[in-house]
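Listed after this line are the structures, all set down as structure tokens.
Heads up, the next two complexes both have chain A, just with different partners, chain B and then chain C.
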Partner chain A sequence: MAAPLALLLIVAVTIRAALFRTSLANLISERVEVVSPLNAWKRVVEGLALLDLDISPYSGDVFHETPMVIYLFHFLMDYAEITFMLADCLTAVALYLAVKDYNKQVFRKQKFALEADRIPMDCLELIRSPTEMYYIPLKVAMFYLLNPFTIVSCVAKCTCGLNNAVIALFILSTMRGSALLSAIFLALATYQSIYPLTLCVPALLYLLQRLYIPVNVRRSSFWFYTLQYLFMFLGSLLVLICLSFFLLGSWDFLPAVYGFILSVPDLTPNIGLFWYFFAEMFDHFRLFFLCVFQINVFFYTLPLSIKLKEHPVFLIFMQIALIAIFKSYPTVGDLSLYMAFLPVWNHLYRFLRNIFLVSCVLLACSALFPVLWHLWIYAGSANSNFYYAITLLFSVAQVPVCLSPSLLSSRESSSKTALFTHSLLF
Partner chain B sequence: MGLLSDPNRRRALIGMLTRLNAPICMICYMAGVAWFMGLAFEPFTLRTYMSENAMGSTMVEERFPAGERALATGREFAAHKKKTGGMPVDWLVRTMQARGLEVYTQRFSRKLPFPDEDKERYMVKGTNVYGILRAPRAPRTEALVLSAPCSPGNENNQAVGILLGLAQYFRSQIYWAKDIIFLVNEHDLIGMQAWLEGYHHTNTTGMDWSPLQGRGGSIQAALSLELSSDVVTSLDLVLEGLNGQLPNLDLANLFYAFCQKIGVLCTTQGKLPRNDWDTTSGYSHAVQTMMLMVLKQASSRPWGDHGLFLRYHIEAASIKGVNSFRPYKTDATTVGRLLEGMYRKLNNLLERLHQSYFFYLMPSLTRFVSIGYYMPAFGLLALILLLRALDLWVQLSSPPTRTTEDACPPLCPLSAPQPASPGVLSILTPLVISHLTGVALYTLPVLSQELAVEHFPVSETEAVVLTAIAIYTAGLALPHNTHRLLAGEGTEQGWKVLKLVAVLYLAVLLGCTALINFSLVFPERGLLVGVNDPGLTLLFAVFFFQELQETPVTLQEGWMLYLSVISQGILDHALYGSLLYPLAALLVYPCWLLFWNILFWK
Partner chain C sequence: IANSYNRPTLIQLQNTREEEEEQQTTAQQEEQTKRWEATELEEEHVHDAAVPPLAGDPPAADPPSPPPSKDDFQEELVIRPLHSGDIYASFQFRTVWDADFMGDQKVSHYRLFPKSLGQVITKFSVRELHISFTQGYWRTMQWGQPYLPSPPGAELWVWFQDTVTDVDGTWKELTNVLSGIFCASLNFIDSTNTVQPSASFKPLGIGNVTDHSFLRYATLPREIVCTENLTPWKKLLPCGSKAGLSVLLKSEKLFHSTFHSQAVHVRPVCQDPQCRTTSMELRQTLNVVFDLHTSGQGKREWSLFKMFSRTLTEACPLASSSKVYVDVTDNPQGEQFELSPATPLLTQAVVLGDRRTYSVYDLTQQASFGSSRSLNMLLRWKMLRPLLHSERYVAGYGLQAGEIHTLIYNHHPYRAFPVLLLSAVPWYLRLYIHTLTVSSKGKDNRPSYIHYQPSKDRERPHLLEMLLQLPPNSVTEVTVEFERALLKWTEYTPDPNHGFYVGSSVISALVPSVVAMDTNSTLDRPLFSSFFPCKEEASYFMRVYTEPLLVNLPTPDFSMPYNVICLTCTVVAVGYGSLYNLLTRTFQVDEPSPGLAKRIANVIRRFRGVPLL
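Now for the complex of A and B:
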């Protein structure tokens, strides 16, 4: 399997390297769909320039990356393109290995179920043959590396590629059952953009499941493990934040990064839901609606983890998707991470309703973004409502992509097949 | 969503859509065409009205008196133009200065990618002269432009005369709140392009120009005047700009309102508004006017010097003097008064023109069809594509259960559209090959002209056009070659998947084009039929356009015209950044090649 993966990596790097050399790179790095105020390369360069002049990069309202990123690029400035390509490759390889591990477990479970004769006849076709499963990790890597969204995001040198790499490493270390590494990478991801905080729950569920510790509040082993994991997570987060403080010598970065993410002061249009809404909002409602909007990312964690507590990997997927939809400055790079997971559940596609409709809508929306932007900003004949309409449609279309498999189980819970599907899913 | 989430109803709906697919498509097609033709029918259209308050209720008086003197200046200009054999820069600078304007010049030069045989130019060098009348009443943050081209030969002298006359007259008025820029541009659009790029500090087409020494505020509106005789019978309004962009409808309303007020005969597309909509001839007249507008818009080229302003978000139109409706007569004083009135009203604007429509079609100067009325016609056509795609999707996801149970496992059709499934190569190969052909069609003609000129007895322009046609035709042979490449893979499933991809591709393409330049959709619609290729569509459009303009051409002339249209299209792209050529070469042509491929798959 290494050869196809290597070939895939070579193809992916070639495409990116070729695009870096064309004039398209400049054009792409200006697109609001691809870069947000949070992760635009232009702003990193600006921050670096300020740092070189011994001015705090957070003075002025341009730079919103974390201190680690700026120090990373302080050393890698000349190799930025390679760094971003490497980050993409790293993400793909990590996802590849993680999904491979995961598939092994699914396969084992499936075998046990078969041997125990617990599978109804009409569900036999849902059982996945080894050959099918064999290609899934490669498909995942391919979905990530060759996804146009990932490619444009990489070519624009959008730092969300780095965040994706961290999250992918987190998933890999969780799959491998390494609690410490998992906690460290999760802390790193949280440090980068707060929202991955919600991934804490599925990771914990997965690790508990792996150690056969039941999720039961009355068991001391559950509490012990949970506290242990949380301690590692919070400890490494604290270390990271203190490290940033010592690097910069000030706490400036807290409001400039996390305050910026949470209070959404920059209303540059993007593919998310925030900008239009808050541009129209009266000031005295702002705080309230800010809470309402931000809570979306965190709120679903609880019900979903109760519902999907047997299927933590699927929960991770759902959480990543929810973050990509509801975060305050989403870019297409965020989408590409959860889209990479779609092949893992490809045996369930037949149960997805409207998958055709949804994919058509996503396709059309991606094409319409630049067109409506052109009409609004350059031609002046359309206005922001047109663009927001597409943003809205885009977000709405994403919801079935990630929610359908779980809706499937709840809707048709009477049907035996569906129940079984649900148990086999993950 | 309720309908779609109930499995039974959903199945019934899909069943109905697939069973009745062909009839529904036919009905949609006919309804779409009928709707579109109905747009020209007067009771279905709206009468134009002024939306902008600042231009509506305020009364202005037009008192421009000096038409004769303006014509004399025009004659003087003609004499100097003849003497210098080009733009009489010194004379213009002196004259404008004498009229109290701040005068500046701008030099520019441009080498065309290949010689333009229509206008006989290759290395273009010229000078723009412009004078700014500073606003006495306001802080000079906004400006209006009046331009007249300095054309070769004996044309447009009167326009320059009136421009200078108006400059002198405006100078003596005190009510100007916006700078007024009087521009005489050489080499029509190339000069205009240089001036606009200089004014806005951009350089999109790689032209050489000297930077502008003086500027006014941000330009709010612009008019371009073209006048070739002392007395005109009517004035024609030209709206179509680069890439089919149109100025705000209020600008057309303004022109029409003043024509009515002063009593000048006005036309659009050279056609008078008529009142007999209930007769066949009246209706066909309206259809002709609208189709002319559609075709001009679809050509994506600027149809007057105003066309490039629109790119900079400036509302602009050209006014052309026509001398063909014999009994009517309008002298230069009246034209001057008309322009004065329009500028007085534009001067009253408080913000950019934005109240009225930007997307519209005009079956006559008094009637318009807004986007809300013409989009359903497009929607009906797009619906056909979506229905076809749905039908194919259903066919792809259901047939194995009935026909060949074991030949294709149930998952195969579903996973077919994803990469890495066995079918992917059979889709990706035609996709990539047809796009590469498109890229070749886009790049090679201009690149290979030298080679072609060396080896064949043709001129550069012919070389470019003929290379384009050669590559285009070579693309037609592709299906046979891809077939050989994919021996054994041309299964029933394969072409259906390819067709699904092609249909969706076309639908997205049409949707995007409809938003940018609605008129382009109708020529593209030809692709729906499958066999109707872009080249033939263009040829047909050329003949149709000539027919509508009431100057029918013979086959021979038509062919020459066709060739020159292609070369003009390529030139427009290189010079002004018109999008038609890249759109056709890089997207429409590959998309059509996919359909062509499918046609030969079986």
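Now for the complex of A and C:
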């Protein structure tokens, strides 16, 4: 199994290295769909230039990376391309190993169910064969590495590739049951961009499930483990933030990074919902809608955890997707991470509604982004509404992609099948 | 009088001793490059000899058969910059025909001479006819004398031949006919505004008539001159408005002027110096004064295209001579302004008691048109070259990113000096300081001091200050890239597509001085020389402001905030709805419900007491 993965990595690196050498790299690195004010490489370079001029990079409103990133690239400036390619490979390998682990568990569960004869006859088609499951990790890695979104994001040197790597490592360490590493990587991801905070709950659920500790508020072992995990998570987060403080000698980065993410002052167009909404918002409602939109990301965590407490991996997937849709400065790199998980649920595709329509919409939107951008910004023959309409459609199309695997009540399948699938096969 | 008037007004200077002296004293260098025009007498000789040879004309323009009587056509344009800054352009078109209108034989074969006018002259036995249409008043105090004066409105004066018996009746008929020819209200001329001057209006052609009963003079001061008068006037020209100088006569520009006058003069002239036979001369003149100050953004530069919105491409093929004269008297050494294309031909003429120098363009020579096959004379005033000046502009296209270029010129031939450059750029143009490049003479020129303060959104602008060393005689280019921000819709000005202004950059410099500066501040000095304190003798302080920039930003659609709020909230609601659906839906196994027929059958069976289906 290592050989195909190695081949895949070589192909992916070759594509990226070739694109770095072409003039496309410059073109891509200025696309607003690929880079956002938060993670554009141009702004990282600007931050380093400011640091060279003895000016705090956070004194202006151009640089919004965390201090760790700026110190990372302070040393890796000349190896930036390699760093980003490595980050992509790391993500793919981590996802590959994580999904492999997860599949082992699913397979074990399936075997127990079969032996206990709990599976109704009309659900047999949902049972996955070992061959099928064998290829799923490779498919996941392939979905991540060869996804055009990941490739353009890497070629643009968008730092969301690094965030994806951290999240992938977090998933891997969670699957392996290493609570400490999981908490550290989660803290790192949260430190980079607040939103992965919501992944704390599914990780905890998974780790509890793995240790056979029931989720029960009356049980002391549950509380003990939860507090232990939260302590590790918050502790490492605190360490990271204090480290940043000692690196820079000031707390300037807190408003410049987290304030910037939460208050959305930069309305540069992107594929998300925020920019045009807040450009057109009436000033006295701005704070209210800002709260509504930001809470939207965190709001679903608790009910989803209650509903899907038996399926924490699926919950992780849903949370990542929700973050990608509802975060304030989304880029296509964020999309590529949750899209990589789609092969894991490929046995449920038959229950997806409108999957053809949704894929077509996503493809058409991806093609229309540059076209309408050109018409608005360069040709002047269209206005901002054209681009806005496409971002809107893109967001609408993403909702079923992340939710459909869970909405299995398609009319074709009998309700018995749905019940069974829902309870068992996530 | 008539003979002397008819003589060429241009006086040739080539062979006279005094002019040679003048050339030697004034224009030693010009002499090698410029030459004086050939003698006019030779041209006269050519006229007398035979059919005018049309040098450089295509063969198609030659007359198909030699006409029975000789005729000749000349065209000429004089451009004179006036002291007020206006430009005076004077066209003259002269047709001379060796035909005897006054004799008994009927003239019926017309070539260059307009038939409509010839027939009128014959029918009404006109000896001389002078008609002018003028819009505006010639301001002699500001403009000096025109070559051909005329009163505002319409003026008509006619000398009839002594064979005419009923002069008043013929006059009345003539005015009506001319009214038709020139589309003017000359039919309003009647006995109430006609006079017979006794001394002022002598005939300008040959013939020493003293009986002023054959003279009639009338003016219509109210006459408005416009396109409908110009078109028939142009129709009298042999080339119409198709070729030659007359292509410049487009009404949209001619009537957009301070003064416009067009005239037709018909008179008999001598054919040869001995005046044995007479010919008929038709002079059509058009004088126009352009106010290029108001229409040309206050610049004194002019060009043919700016004045007439046309350029010259060829001479009229029927013309024996076609020339453009530009008055360059005020520019003897060429230090005031320059004419382009330059012409080596110069001529001098005494006109109105003043000797003036003219550059001559001969349109019959193909060389005058150059390689572009079109002649657009333009005059540029020589620029002053200050030691330090600067330019600034925005480069790039589209509304996403751009580049600010600042060019700083050091015109000092051998001294380098430092300057301080300060730019304050608003926050909505996000500068990238790592893209800052400074180069002079193609080499990187590192600023020795940079102070940069990045902007804060909606709080403070960018501040960039640097100390640059300007090499002698060089251009230093400072470029920095920026990105345009999308603002909230309430942050735009009421006219957002006009663009946003970026204030001037400030360049402060200590410029090396040629003369020693006065450093004694206690001395009583004039106010204008004592504003900037002077610390050293060898240099003086100077401040230069660049142009402000006008930058366009991308704009949202201002008309639809409600639509955007509704649509975006709908998408969020779709997401919320889907999740709510997922969270609240429960799954349970349910038996399929029986059909309607079965249910009815079961009701009946229940009544009957039979087991249900």
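The rule we apply is simple: the second predicted complex is superposed on the first by the 420 of 426 C-alpha atoms of A that agree within 3 Å, B and C clash if a C-alpha of one lies under 4 Å from a C-alpha of the other, contacts with A are read in each partner's own complex, and residues count from 1 in each chain.
By our rule, a contact is a pair of C-beta atoms (placed from the backbone, for glycine too) under 8 Å apart; a residue touches a chain by one contact, two chains touch by 3 or more.
Small disclaimer: the values here were computed from a predicted structure and weren't measured.
Visitor: A:15 in the overlay: touching chain B, chain C, both, or neither? Say first, second, both or neither.
Guide: neither
Visitor: Have a look at where A:303 lands relative to chain B and chain C in the superposition and call it first, second, both or neither.
Guide: second
Visitor: Quick check for you: in the superposed arrangement, does A:113 touch first (chain B), second (chain C), both or neither?
Guide: neither
Visitor: Kindly classify A:325 by the partners it touches after superposition: chain B alone (first), chain C alone (second), both, or neither?
Guide: Only chain C; A:325 stays clear of chain B.
Visitor: In the superposed arrangement, does A:243 touch chain B (first), chain C (second), both or neither?
Guide: In the superposition, A:243 contacts neither chain B nor chain C.
Visitor: Kindly classify A:378 by the partners it touches after superposition: chain B alone (first), chain C alone (second), both, or neither?
Guide: In the superposition, A:378 touches chain B and chain C alike.
Visitor: Tell me the contact category for A:138 with respect to chain B and chain C: first, second, both or neither.
Guide: Only chain B is touched by A:138; chain C is not.
Visitor: Let me test your reading of the model: by the given contact rule, A:72 touches which partner, first (chain B), second (chain C), both or neither?
Guide: Neither partner.
Visitor: Kindly classify A:86 by the partners it touches after superposition: chain B alone (first), chain C alone (second), both, or neither?
Guide: Neither chain B nor chain C is touched by A:86.
Visitor: So which bits of chain A does chain B touch that chain C touches too?
Guide: Dual-contact residues (chain A): 378.
Visitor: What residues of chain C sit close enough to touch chain A in their complex?
Guide: Chain C residues touching chain A: 397-401, 427, 430, 432-434, 450, 452-458, 462, 483, 485-490, 554-557, 560-561, 564-565, 567-568, 571-572, 574-576, 578-579, 581-583, 585, 587-590.
Visitor: Going by the contact rule at the top, pick out the chain B residues touching chain A in the complex.
Guide: These residues of chain B touch chain A: 4-5, 7, 10, 245, 310-311, 313, 352, 354, 358-359, 386, 389-390, 393, 397, 410-411, 414-415, 418-420, 504, 507-508, 511-512, 515-516.
Visitor: What residues on chain A touch chain C, complex-wise?
Guide: Residues in contact with chain C: 30, 32, 42, 45-46, 48-50, 53, 55, 59-62, 265-269, 273, 275-283, 289, 292-293, 296, 300, 303-304, 307, 322, 325-326, 376-378, 383-385, 388, 392, 395-396, 399-400, 403, 406-407, 409, 415-416, 418-419, 422.
Visitor: Can you list the residues on chain A that touch chain B in the complex?
Guide: It comes out as residues 125, 132, 135, 138-139, 142-143, 146, 343, 346-347, 349-350, 353-354, 356-357, 360, 363-364, 367-368, 371-372, 374-375, 378-382.
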